[in-house]
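By letter and in written order, the chains are A, B and C; residue numbering begins at 1 in each of them.
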Amino acid sequence: MNDTNAAPEPAEHQDIRQRNLRILEALLFASETPLGTAELRPFVSDEADLDLLMADLVAQYADKGVNLVRRGDKWAFRTAEDLAFLLRREETNTRPLSRAALETLSIIAYHQPVTRAEIEEIRGVQTGKGTLDTLMEADWVRMRGRRRTPGRPVTYGTTEGFLDHFNLEALSDLPGLEELKGAGLLSNRLPPDMQIPLPFDGALRDDEDPLDEGDFGDADEDE
Amino acid sequence: MNDTNAAPEPAEHQDIRQRNLRILEALLFASETPLGTAELRPFVSDEADLDLLMADLVAQYADKGVNLVRRGDKWAFRTAEDLAFLLRREETNTRPLSRAALETLSIIAYHQPVTRAEIEEIRGVQTGKGTLDTLMEADWVRMRGRRRTPGRPVTYGTTEGFLDHFNLEALSDLPGLEELKGAGLLSNRLPPDMQIPLPFDGALRDDEDPLDEGDFGDADEDE
Amino acid sequence: MNALDKDWFEDPAPQSAPDDVLYVDVNGFEGPLDLLLEMARRQKVDLAQISVLALAEQYLGFIEKVRQKRIEVAADYLVMAAWLAYLKSRLMVPQSVDDDEPSGEMMAAMLQFRLKRLEAMRDAARQLMARPKLAQQIFARGDGEPINISRTQIWEASLYELLKAYGSIRERGIVSDYQPTRRSVWSLAEARAILERLVGTSTEWVALDGYLAEYLATPAERATVLASSFSATLELVREGQLELRQTLAFGPLLMRRRQSERP
């Protein structure tokens, strides 16, 4: 082991080593599951000592916000345990709104004040109990009042939370017929008498009564 | 400024700084999508200089297999560009964009904010239903606002998703942008008499209104 | 579509196919500008050097053949033909001094500019698609760590999805099996749409009624084309979108986009 002879060797080694480490980093980062020797081996240079490389990586990340941890005989990046609180806010159990709910919401937005029967007429299908519940729970839809017609059905409208979520300053920001066409959301072959209503979210209309006292809490039993 | 007095200060600073960096690291590592100041700020100490911290992190990861990259106003960890050849995955179940959609996308990217009529003027052909639709669905294109000209047409621009997908830090990274600008090809007219606009995805411009009022007025008139 | 996509990523080497291919392939082009660009490429010179006059003649000849063979082409192609016929006449007839219509050279430069711009945008698209893309060559964290515990259900919906849902409901009810009727009369709306495309955003005077009738209509339709486009012109003038002038009785009607707030 002569120092002057060995000098060029380590430099080259160092490059290869660095490259292997970068590859392992990228693979482990991009992988959807923890990776083991079998999956990692083909990507590093043949003579590389995988265990040594992994030990090196583990050490590099030991003090970082993210650590490289063993899961059985595999490895994965995981948030450092002392920072787990960062990921423990509210359960952002984000789920996309169902198609039925989206449709119902859009009808309420454009046609408000609107009753459940009217929503069903426009959609052509019955609206499940859960759909309106979901929309009210999300604080996008509210009961406005009762229509002054037989049966006094509840009228629905959108909330401020709705405007907030969809980043609208006012209901009048909802695009009109021409804009929907322009964006390709409505075809150009519509009947000429097709109309898009002007939504109304002001106080109660002439044909609306205020909600009854018992209305709060039993949204679904009114019809 | 006495060294012996000052000594404990920097050490404490250093601890806080280290902790802030770890927190940013953890948050950005955990997220699959880019995060901005709004998402990061609440978790670092009040007096921290977020830009400085981010610059520090970017530098720390510059040589690693995973880099911290900018996407518009946000940051994200992404695998290093030079490892692309190793990690390349087949394009599975992504439908290739039509030629019309590709052209429209590049026109929107380089000419934004741009109206549909301007896109059609450049392509010399009407934009089919479904083209803008597809681009908006892919989350590459968004409606920005309305041009303050007769008819108040909607202006289109690109999204952060566009930057992320095409691996661009900002619009100024668009390939060939400088040459196009130099050749006057980003203008709507023959170059000599015009100052040449650059693509712009910031807040609304002077000649843009927010997407808003008047929509229904327009639509009703057309019916 | 697939053939086009494939073509898109390949170098657009000038196809040395015989001219006849063009006639068969009208539908393969993305509009008249695309067709012109292809024709210009066949001149095998830099776009800055093309002969616009030769290009115009080639295009007009092409449209002529298409019409003889009674192949249907979209109105856009005919609008372009009308414009090119006008351009050709401007290029060939010397300009009188008091003529403040755009010179043929101006119009030719404009066409060249549009061709270059379209080609540049295509090239840009190609470069964009050649970049390393997310989830193909560049990757995000594969196993992101979701934020959990507390119980609030957050519903995700974008304005776009909302509007799309609304559009699809409103369309669902519409019976879609109507047969488009063949028109023999130009509606005002049609005339207006075509005029708007023809005048475009240009602020130069264009005289077109003659070319319009010649290229856009069969002889039987000329009267209705002229009547409708004239009425549509007046309508556009009334709305302040167009300016109209006629220097002598029965002379050509010149129009241009109204210039707003320009000295």
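By our rule, a contact is a pair of C-beta atoms (placed from the backbone, for glycine too) under 8 Å apart; a residue touches a chain by one contact, two chains touch by 3 or more.
Because the structure is a prediction, the values reported are computed rather than measured.
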Inquiry  = Suppose chain centres are the mean of their C-alpha atoms. Which chain sits farthest from chain B?
reply    = C
Request  = Mind having a look at which chain is the central one, using mean CA positions?
outcome  = B
Ask   = What is the distance, in whole Å, between the centres of chain B and chain C, each centre taken as the mean of its C-alpha atoms?
value = 29
Key: Cα-centroid distance, chain A relative to chain C, in whole angstrom   = 39
Task = Compute the distance, rounded to whole Å, between the mean C-alpha positions of chain A and chain B.
result = 19
Query = Which residues does chain C have that touch at least 2 chains other than itself?
reply = 139-141, 145, 147, 164
Task = Check each residue of chain A and list the ones that touch at least two other chains.
result = 26, 29-30, 77, 79, 86-87, 174-175, 183, 185, 187, 194, 196
Task = State the interface residues of chain C toward chain B in the complex, per the touch definition above.
result = 1, 4-5, 7-8, 30-34, 36, 76, 80, 109-110, 113-114, 116-118, 120-125, 127-129, 131-141, 144-145, 147, 160, 164, 197, 200-201, 239-241, 260
Message = Going by the contact rule set out above, which residues of chain B touch chain C in the complex?
response = 29-33, 76-79, 81, 84-85, 87-89, 91, 96-100, 102-103, 105-107, 109-110, 117-118, 120-126, 133, 136-137, 149-150, 164-168, 174-176, 180, 183-185, 188-191
Ask   = What residues of chain A sit close enough to touch chain B in their complex?
value = 18, 21-27, 29-30, 43, 63-66, 77, 79-80, 83, 86-87, 169-170, 172-179, 182-185, 187-188, 192-196, 198
Ask   = Mind pulling up the chain C residues that touch chain A in the complex?
value = 139-143, 145-159, 161-174, 176, 178
Request  = In the complex, go through chain B and note every residue touching chain A.
outcome  = 21-27, 29-30, 43, 63-66, 77, 79-80, 83, 86-87, 116, 129-133, 136, 143, 153-154, 210-213, 215-220, 222-223
